[in-house]
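First chain A sits with chain B, and in the next complex the same chain sits with chain C.
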Partner chain A sequence: MIKIIDDKLGTREFTSVVLIAIGMKVTDSTPSLLYEKGANAAWIIPFFYLITIGIPFLVLLSLLKKHEKGLVDLLFHLTGKVGGTLICFILSLLIFFSATTSSRSYIAIANTLFYPKTPVIILTFALLITSFLVAKRGLTAIGSVSWFIIPTLEFLLLILLVSVWKDAHLLSIFPIAGPGLSTLIKESLNHSSIIGEIIILAAFFPFVRSYKNYQVASLLGLGITLFKMSLFLAIYVMVFDYPSTVNMAYPHQELTRIAEFGAGFTHVEGGFFIFWIIASIFRLAIYLYLTAFLLGGALRMDKFEKLLLPLVGLVALSGLLPENEFIMGSYRDLLNKIGSWTFISLPFLLWFLSKLKGGKKNNETDKSAC
Partner chain B sequence: MKRISLLVSLIPLLLLSSCGDKLELEQHAYAVVIGLDTNDEDDNLIDVTFQIANPQVGSTDTGAAANEPPSDIVTFTTPDLLSAKELANSVITRKISFDHLNTIIVGEKLAKTPLFHHIIASAMIDPEIRLENTLLVSKEKASDFIDANIPKLETRPHKYYFYMRQRWRDTGFVPLSDLNRYFQRLSGDLYLAIYATTEKNEEVRKNEDHYVAGQIPQKSGDPVQMMGSAVFKNGKMIGILTGEETRMSLLLRQKPLSHYAIQSFTDPINNDYRISTQIMMNGKTRVKIDASSDIPDIKVTVPIKVQVFSNPSLTNYTTNLKHQETLKQSIKNELEQIAKDLIQKTQEEFKAEPFLWYLEARRQFWTNHEYEKYNWSEKYSNANVDVKFDVKIESFGAQMKPEVIRDTGKD
Partner chain C sequence: MSIFEKNQKANEEKPTQSNQQQEPESLSDDILLNISKLKTVFSFPANNALKIRNLYLPLYEKNVTVLFIEGTVDGHLIDTTIIEPLQKKPNSPLPKIDFISMLITTVLVTSTTKIITTLDDATMDLLNGNTIILVGEEPCAISVETAKFENRSVSEPTTETTIIGPKAAFNESAAVNRSLLRKQLRNPDFICETVKIGKQSSQQVSVMYLKNIADEAIVNNVKKRLKDIETDTVLTLSQVDQYIEERSYSLFPTTLMTERPDRAASFVLEGHVILIMENSPTALVAPTTFWSFIQTVEDQYLRMPHGNFIRIIRLVALMIALLMPALYIAVTTFHSGMIPTDLLLSIAATRERIPFPVFIEILIMEVSFEILREAGVRVPNTLGPTIGIVGALILGQAAVEANLVSPILVVIVSITGLASFTVPDVSFNITVRILRFVFLFVAYLFGFFGMAIVAAFLMAYLVSMKSFGVPFFAPLSPHLPSSKDLMTRPPIKKQWLRPLSMSPNQKVRSSKPKGMQNDD
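Presenting the complex of A and B:
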């Protein structure tokens, strides 16, 4: 089959990018964030995300369709130069901190469970330099490799599910409302940024072949991510039961350690780990690229890829600043709150501005073409 | 130039292939069993016993180590498990690794102190201790248990525990007790751990299930008896269940793990004899709980299939349908009686249940707070429990009728 060869991402590539950027979260320390307040009912939170993030995202999609512009151009177009610069900068800062916290948390996982004696600094540099090299290849390369690895990753998750099924007690997820519905709704609002990053991924709109591709890919990616998140949040509780899950820093890794294929084939976590670390490298690469792209947008730089190297250094240094992962906890909560509200309100703000501008003819010169 | 710099930047990648944490098989000593005991002199210290496998024994490499024992057993006194691991290297030249650890043995004395939970919960911080490790409680000191446990046919210790665990599932005399289950059942519910001993205190009983470890009459053979279970409540051992009680508690659970078990019942026609049967689950145990009032109502139905294996009284149960009905009724009554006694024991002695009914009870509540306020364990001790066995006799073996010696009255 002959395909049009261009530098753009198709549906399946962009779906994979979404799945790696956001879908991976259920395998790192994100679940413990949700379990803290959501307790055994954390698996319901993704359903609330359907509303808290789904609606803003649909609003954003309609804007993308109307203006046929990526998020960065849209910001400059609708909020003017100063506003665009400011918002782009804020968004890049949010993604930057997200990249920092998750790189630190990945390193903590690798360090505590697999390489206890390797110094954290070496792990940090090894992980980030690899991500940098991946990011340097550009989003097209990231996208096609993501499509290459995502089937394996999802298949492994399925295998993991099957192999721990005998240890799962379905009834453990009760009482159904856990800490109470109001707590759950509050939690899902405050932690919306976990999924809300899909809104920032709209910055990659110019890299996708067409609006149709983008729409299908992002909705599919979002749907699969939410489903997977809900399923695994429930599985962790079914296997480890509440309140054990609350005390677990990395439930996914704990689950891979329990997994076994028959009595003779145990200790299989290494196999899961390899693919997981590859996926995390790609995830960090996507985040680095996104930060660079947004920052480049804020600074009106065409060659934003030049920013990757200083950024990766910054991520590494700021990731190494806290002594351990848990010191970052309170900052992460604050960031999550700020991020969540930014992500939820941004599309509505843009929509409002677009409506406002829609009346008069748009005669602003649009210099934004990055 | 560009290529060279790219190559140079790839070097850190090699570090990810775990040079920092490389493991040389040769340099490791694999502890397969750990024993934990209280220290006689200091209450806050524990005695940690390691049984370290000798990989050369039982392999094709035996020739080089013909006179070496299959395992080495050492005991250290330390404040916790991990410091014992480090201290052990003052004696053992190879680095101790828990990668192949599969059984943790706890002396009954330690299990009965609050210290036990501290030790086991803090041990979990070490990633080498896995949630699927089996927990076993020994009647004597764990170090004595490990010392005495020299199975005759299993030279390598890890194989012994591996096969033992396989059999456990079949008989149901002991529960499946791993650390994951221990940590699940800390909030008022009972956790059952395997109970075993090498100390014999033999008693002959008519019912072959009604033993705890150590009481089974046995002549020669392996020294270890595993039977019954140690009952833990809130991380502390509070009692013992016999083999029969353990099996019954497993039957009363909604998700049974034991598939089939051989059990004998009193012959209803001729009470001097007992009939041996194989009982199997015929579907899932159904538990219905009404937790709306202060005295919860619990209704349990256990569907069971019975295969008659031996019939020493030689009564005709096969073709005589009336006898069959009597047998069925008597099996049902007997099982219900055992269940009733067990439930009474848990309600009065332990004031909590090992049947995982709390899972079903939790379902009745909307939030965790409501459930915690209800205090299931406490309510359970006053609950009305009604257990029904739904017995089906499936087969009577390969003979139509037992071969009876006809008393012709001639001699």
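Presenting the complex of A and C:
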């Protein structure tokens, strides 16, 4: 008999969490990052992610299976107290920056495209307070609500695709390799952090019902995200053509402006906007919860949910700092690089330590057996 | 210090109280003493409710006293089944056993008779409509069931009407309600437990469930919450509902009231618990999910495509009832590009002479509609038609001609009002109406952004809300196996699985056609 509610995430819920946390990136200002160097071949980069992030992630999966521990406990178990605290802190910082830049960029989108007269402060606080209230209800709630909304979101993306199809020119994606394969590979490595957050999401492993659920959900989530990202990076180029995509900060919103349902409804961007804002609230909630969880792990706090309120204030304030709007842009590349290499190297480091420790342990048990 | 003393006093008093509760006063073998004690309990003769009839039985050479409470008993039944047999000579020879047992086995011709030994039992039984027979020199009494309370007959449902399907509804008698349920579910596993609530005039609540299906944890949870009610009197099930629900301040109901025995039975078959109580023409269903509030029995009684059609219409209506005025305000204030130009121009033209901002305009109309609605419920039947006339004036041409509102707004408010009538459950209906104003307000402030914020919070709140441990949106989210009888439903033959969100003991429905009937 299944227990009524075990307060854990199933496959569907966790897949939805992955899809909202990472899959949503294709609808914000992330694509412009990739178009900068990737040019018209940016849509190939997600395929390279399969290798650059896929392999570290598989290594991490094997570690999770072996130790049956979430990322935080794994870090403490393998790297010791100091190492664990340090790495947890770095990871929470990375996620915190990610949350800050995304919230700032969401507000910028809402502000420039829909509410030019509404003060940014009010928009920021309205968005973040709602995210906080959602995050406050716990990860089970976030997972359930993600699964509740994700079919609608993906269906809307499909509708968007269909409604702009007539404006897409297939020839625009040629030449296939764009700026050259070596540039693409280099870029995919430097921007792995876009997808690499899947590795940090392993911190939520203890919240998932079983390892099998986690494995299926995260791989499925990763697969769909990469496919979606590639598809939309291609669609943006096909609709807007190459040079203009680079200068386009919010290609998704531009795309929704082009979409129309027949002659009567030529401006349907508002409809997409509602669901996009809902999704971004849930995404920020996931990020807030993740930051709080990692920070709580670093500080060895059991009631890490108490960190949510100070964190949300911090995210709001740092997003509102007028300097950040400009400076973050230049630091973003650096952060991306740091993040990418952290995410790629972390699983290997852990794997190495696990082998080392595992070897020791085996030796010890062998000795005792003797 | 004084607090400390009080506590101490309370502690000292407690044991004596509990002692009293542990040892109820038993009946003595002096019949006169027993009668005088009962007289004191019922304040006889100031209170003339207690009726006392002294009899001398020459056949047995005994004094007996028959007691009952006026208004709770069937007088004719007492005459024919108690008084008459006592004074008549039995046809067969009397068995040689003690007098009380002899009376029960041979003389009294009623179906339910029991021996009671305490004063409390006698008092309770008298209140419940039993007749008490005290016998001289015996420290016990006979309690005969003769209850008959005034009651209306089983009639048609008034709030949950359907075109097809059974037409019987619960009424104010718990016995009748239980019988209506038993008529639906002839199953030995259909349990009816009684829980007493209320300290002063204790009421009985029947907790009914299927032993082989309902999850024990849920049943115990419901019973525990009933027992935890700390008040002297609870009059109806609606109040019980408010005592046992988890969130008193929440807009969303977590229990369901139904007046249809067939609906209640279908919930029982899914593992829900049903509460029945005297004086309440409804059954209370716990736990409840979101789906029960938007579904009706007719969805299942109609064929699958037809049932789904009306269900989808109701879902659309729910969305309209909740969001239409907010959408209108958001679109006209913030996103005017979204509506076709011709329509935009005509809206602007009709609004030309309206002195108010659109928010005030829509508020006037919505509030008038709510007033009209409330008035429609409270108005005496004889004045009923007046409401229609006045309502049509306020919400119609007159308001437009007075330049108070624009014609398109009349259309918006009317369709919203109409749509809100399709929400089948009364409490959920009010929830939707309140939320409509919330959406209206945020749409006025932030347009779609505000609506998205409220919607996001509501979603997160609803999926994490639990009714007796069952998530509100289960089995959709969090996902659990079920027959997918949610927004739409599959054909009845494919609904072979019970929703596992209820943790039923038997996951699969029995092959009996009756077991296929469900509505959640």
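Keep this in mind: the second predicted complex is superposed on the first by the 351 of 370 C-alpha atoms of A that agree within 3 Å, B and C clash if a C-alpha of one lies under 4 Å from a C-alpha of the other, contacts with A are read in each partner's own complex, and residues count from 1 in each chain.
The rule is simple: a contact is a pair of C-beta atoms (placed from the backbone, for glycine too) under 8 Å apart; a residue touches a chain by one contact, two chains touch by 3 or more.
Computed from a predicted model, the values in this text were never measured in an experiment.
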Does chain B (first) or chain C (second) touch A:V239, or do both, or does neither? first
Taking the superposition on A as described, I'd like to know which of chain B and chain C A:H267 touches: first, second, both or neither. both
Tell me the contact category for A:A39 with respect to chain B and chain C: first, second, both or neither. first
Quick one: is A:P179 in contact with chain B, with chain C, with both, or with neither? Answer first, second, both or neither. first
For A:E254 in the superposed arrangement: first (chain B), second (chain C), both or neither? first
Quick check for you: in the superposed arrangement, does A:W165 touch first (chain B), second (chain C), both or neither? neither
Which of the two partners, first being chain B and second being chain C, lies in contact with A:T130: first, second, both, or neither? both
With both complexes overlaid on chain A, does A:Y115 touch chain B (first), chain C (second), both or neither? both
Chain A positions touched by chain B in one structure and by chain C in the second: 114-115, 118, 123, 126-127, 130, 133, 266-267, 277
Residues of chain A touching chain C in the complex: 1-5, 9-10, 12-13, 110, 114-115, 118, 123, 126-127, 130, 133-134, 137-138, 140-145, 147-149, 264-271, 273-275, 277-278, 281-282, 285
Could you pull out which chain A residues touch chain B in their complex? 39-40, 112-119, 122-123, 125-127, 129-130, 133, 167, 169, 171-172, 174-180, 239-244, 254, 257-258, 260, 263, 266-267, 277
What residues of chain C sit close enough to touch chain A in their complex? 215, 217-218, 330-331, 334-335, 337-338, 340, 446-453, 455-457, 459-461, 463-464, 466, 469-471, 473-474, 476-480, 500-503, 505
For chain B, which residues count as touching chain A in their complex? 6, 9-10, 12-13, 15-16, 18-21, 99, 127, 130-132, 162, 165-166, 180, 183-184, 187, 254-255, 356, 359-360, 362-363, 365-371
